[in-house]
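By written order: A, B, C, D and E. Residues from 1 in each chain.
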């Protein structure tokens, strides 16, 4: 029985799906064994993939595009289209992006964070101002940004979707979701940003195994989309602090399930084009269009 | 007048002192009244206790401790040898000093990632990364000690043509005892801090792994409980091993 | 027989030695032939050169350097004072030793996160976090030195009722010079490593911030270029500041 | 005026000195002899106030100078600084005293560049440069040649006559004791006891 | 057999010793006197092979022992270990020699617990415990009382007669030189030159 090794953040959103796969035997049903290597952060999973310790990790396809453009063969299987958003405390009295002028925004990740770039582009196009120039930014680790937003140290925060869900559960409101901003900019919100990323040679040598992973993932998604019991089972590893948080996380996950159809290459190209425009070579390296073979579809 | 005690911490004072610190912590936490950001010992210690009693913390503690011990042994051994060599041979030092400065200032992240990439994501790479991070620091500390050694004792050794090992054991190392002691204490702390990063970047167990997970969940009490588990071990090592060793090494000093 | 030189690195040898290291690096990189994971100097140095010449690297370098310098000054000052006090007053040491051991072993991540939470995501918190991480290490190193001081010189000071400041300057600090020198070298390296983590967790500029961005893109050459920019500064500090200082402090030693 | 009423002094668990009384008036020189290891240095350190872990009472002036049995110089300070820093005397005074002990021209040397006898003379100059009310000398003239010793004995006599400190001199040398001591005592036994020998009167005492 | 043909020895830029020839046969004792700071210790360190930065030729046996001018003990080793470790002699031999210099019962003490005279005697015992073919003594008997010195002089004479090393003794004390030296020389001048004084023949040399 072939084994597929996958590194992911222990207790992160990806484990919900992976745990469902292994618990219900979806991997063995597809003819392989899924082996999960828990790691403590995103950097760790990327080290694990580069060091050849695991066959797959979960990350965004823009990274894959950049790596392919640089000559590194990685492939992408869609996993989620969830993106974060910009959240504010209701009592701060902010109702549009323009109200943020002169305020402090906390941003998880860095200045090349995709959500932050898209919101900047939106502000430029829809509201006609330079978000980066007119606000003060604080970059930091996602949990620190969440705390800074909750405590009011920053006036608004851009965070990953599950942190956003927790922040909403704690009473904050979303001023502008990245999905909305993206569609206003002419991007397709159905383009899945996150996915399973595998090394190309592995895919070529194990086409069946790769397909089996895609299948198992889809089966788990289908189960989680409808089966409340399957999600209730996951509640302990989700570490939801309240029912509200649990519901928010559940809704966020379901909303992020991408369609089974193949990724719209044109839409992806548009997104990459915007990223090149906003982030330049620092973000995208030599990639200017989606390199062929980036997306796998089953 | 009272006899001045030999260095090293007699247990009762140390225990009272630790309790005092706990009290202080509790008082500050109670005064701040923000258990999410500043949990007091009443929130943290039960977590620690539970982790130890139910045994959930023990595998991680064991894994981390194992890495710390092995990396410490390697780093102290090589670092001491290198530091002695450089301190005793100025000609060699002139050549290797820039290398040492560079090695000293290579960020831990770089060594760790490169070790994982080249050696693989395994225990060897993890320990190598920690040792490589620590060796230059030990070497720098011991080199200063070796440079400051008493030349008269070296003359004595030369006069009697003492063998290298005897010189090391009876002449050089006793003079370096304060530097060794400082290097050991600072070193074990530093190693444990690097092990945390190493575990974060590429291991699936250990206290560092847990601390980062707790941090992702913003579970400050959990972070502190895991950190304290190791701190407690370090206190035990200090009292049961380092302090008696230091006492022994310092027996000859004027009372 | 040749005169043995005073410690400190004369420039020509040091330069040749650095070039040698570069050559070694180049040879290994060429032999591995894996420019993505093991980029040679031919890939890294142009990046460094470009960053410096076009000036894109300078603001980050400046920000990091500023943090390192301020945190270093604070940590060395407080750490030295604390270490001296503990080394000279065994009664105080008996009480504070466990606190020091605990402080020494609190992981950097914990201090950094707590500082950011309590002080805010700002420069003060960043520098406080670094200083708090470093102070116990300096204190431990200086305490060992202070414990090992020569009692006869203390007698001399007492006999002549030398004022405290004169004792510190003429009797205590010169005896501690090797420990201070080790603490400064190891310390500045450690501080810069912690600054990297601090910048990673909550600052929006600095070399550490850039290194982590490069690392996210898995741009090892970029990581190395940024790391080397700082290493180069440290080499300059070593040659222009620390080595001459050490030479001065060691003038009195037998040639 | 030095006044020591010692009941006992122990190093660890071995009692070194037994009961003894010492009174030295200004201008007086008490010469103490006794075999090696008997307790001379221990006694002098007690009188100097450097060792307070003894059983008894000490009454001694605070303006004190001492010639330790070992030179005890700061290796990282020049010969001149070794005199000016502890005593806080003016550099000219230190220079003059260095010349007086035969070390003119060595002001800038490091102590490590001196011969043992030269180092001992720096220590002598350091003790002699001030105007102490109590002067303790622990074998001050060892490692020196006879000519130099007789020269330094004259210097010491002059200084004592001039500033009139209370002096205790520990020495093995009968010549030194004869030249300087106004009163003599001998340490012997274990624990050591102090026996006063014949007292000679000198001009000015 | 010690044979030194020295052309010059400088410390830094100052020349300390000028041209001189020294030949000492087994059983012979060359006594060297000279004022403090003239270069006696420098000369002895050259002969001992401890200072090789001189201009000239040295031919000396490798089995050497030296009494340094300062005791030079390992403070972190017991008195007994201070003898057995450098010389690698048997503990019984060390014990016997310690008793011989009057330190029976101090075997377990730390050097820091000794008086200076006691420490110097440990250093003497260390030099005397082996059977060296060359013995260098730099003011070996300072800080000791007359009785002790005469006792140690006898010991030294016995050891020399027994093992017949080539000996150089630097000392300020005419009594010591008279008792031990078979030949005498005096150092003077800057750079110092060596003048041989009257030669007396002793039994066995």
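In the analysis below, contacts are C-beta pairs under 8 Å (C-beta built on N, C-alpha and C of every residue); 3 or more make two chains touch, one makes a residue touch a chain.
This structure is a prediction, so every number in the text was calculated from the model and none was measured.
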Given chain A and chain C, the chains that contact each of them: B
Which two chains are joined by the greatest number of C-beta pairs in contact? B-C
So what's the Cα centroid distance for chain C and chain D, whole Å? 47
How far is the middle of chain D from the middle of chain E, if each middle is the mean of its Cα atoms, in Å? 28
Between chain B and chain C, what is the separation of their C-alpha centroids in Å? 17
Using the touch rule from the top of the page, what residues of chain C touch 2 or more other chains? 37, 113, 117, 177, 212, 215, 253-254
Multi-chain contacts in chain D, i.e. residues touching at least two other chains, fall at 12, 70
Listed in rising order, chain A residues that touch 2 or more other chains are 43, 50, 141, 147
Hey, which residues of chain B end up touching chain A in the complex? 37, 113, 116-117, 120-122, 199-204, 208-209, 212-213, 215-218
With touch defined as at the start, can you tell me which chain B residues reach chain E in the complex? 152-153, 155-162, 166, 170-171, 174, 177, 249, 251-254
Chain C-facing residues of chain A, complex: 42-43, 46, 50, 63, 66-67, 70, 72, 106, 110-112, 137-141, 144, 147-148, 153-154, 282-283, 285
Going by the contact rule at the top, pick out the chain C residues touching chain B in the complex. 4-5, 7, 9-10, 13-14, 17-18, 21, 37-38, 90, 93-99, 101-102, 104-110, 113-114, 117-118, 136-137, 140-141, 143-145, 147-148, 151, 177-179, 181-182, 185-186, 189-190, 192-193, 196-197, 208, 211-212, 215, 220, 223-224, 227, 230-231, 234-235, 238, 250, 253-254
Which residues of chain E touch chain B in their complex? 45, 48-50, 62, 64-66, 68, 70, 72, 74-77, 81, 85-88, 110-112
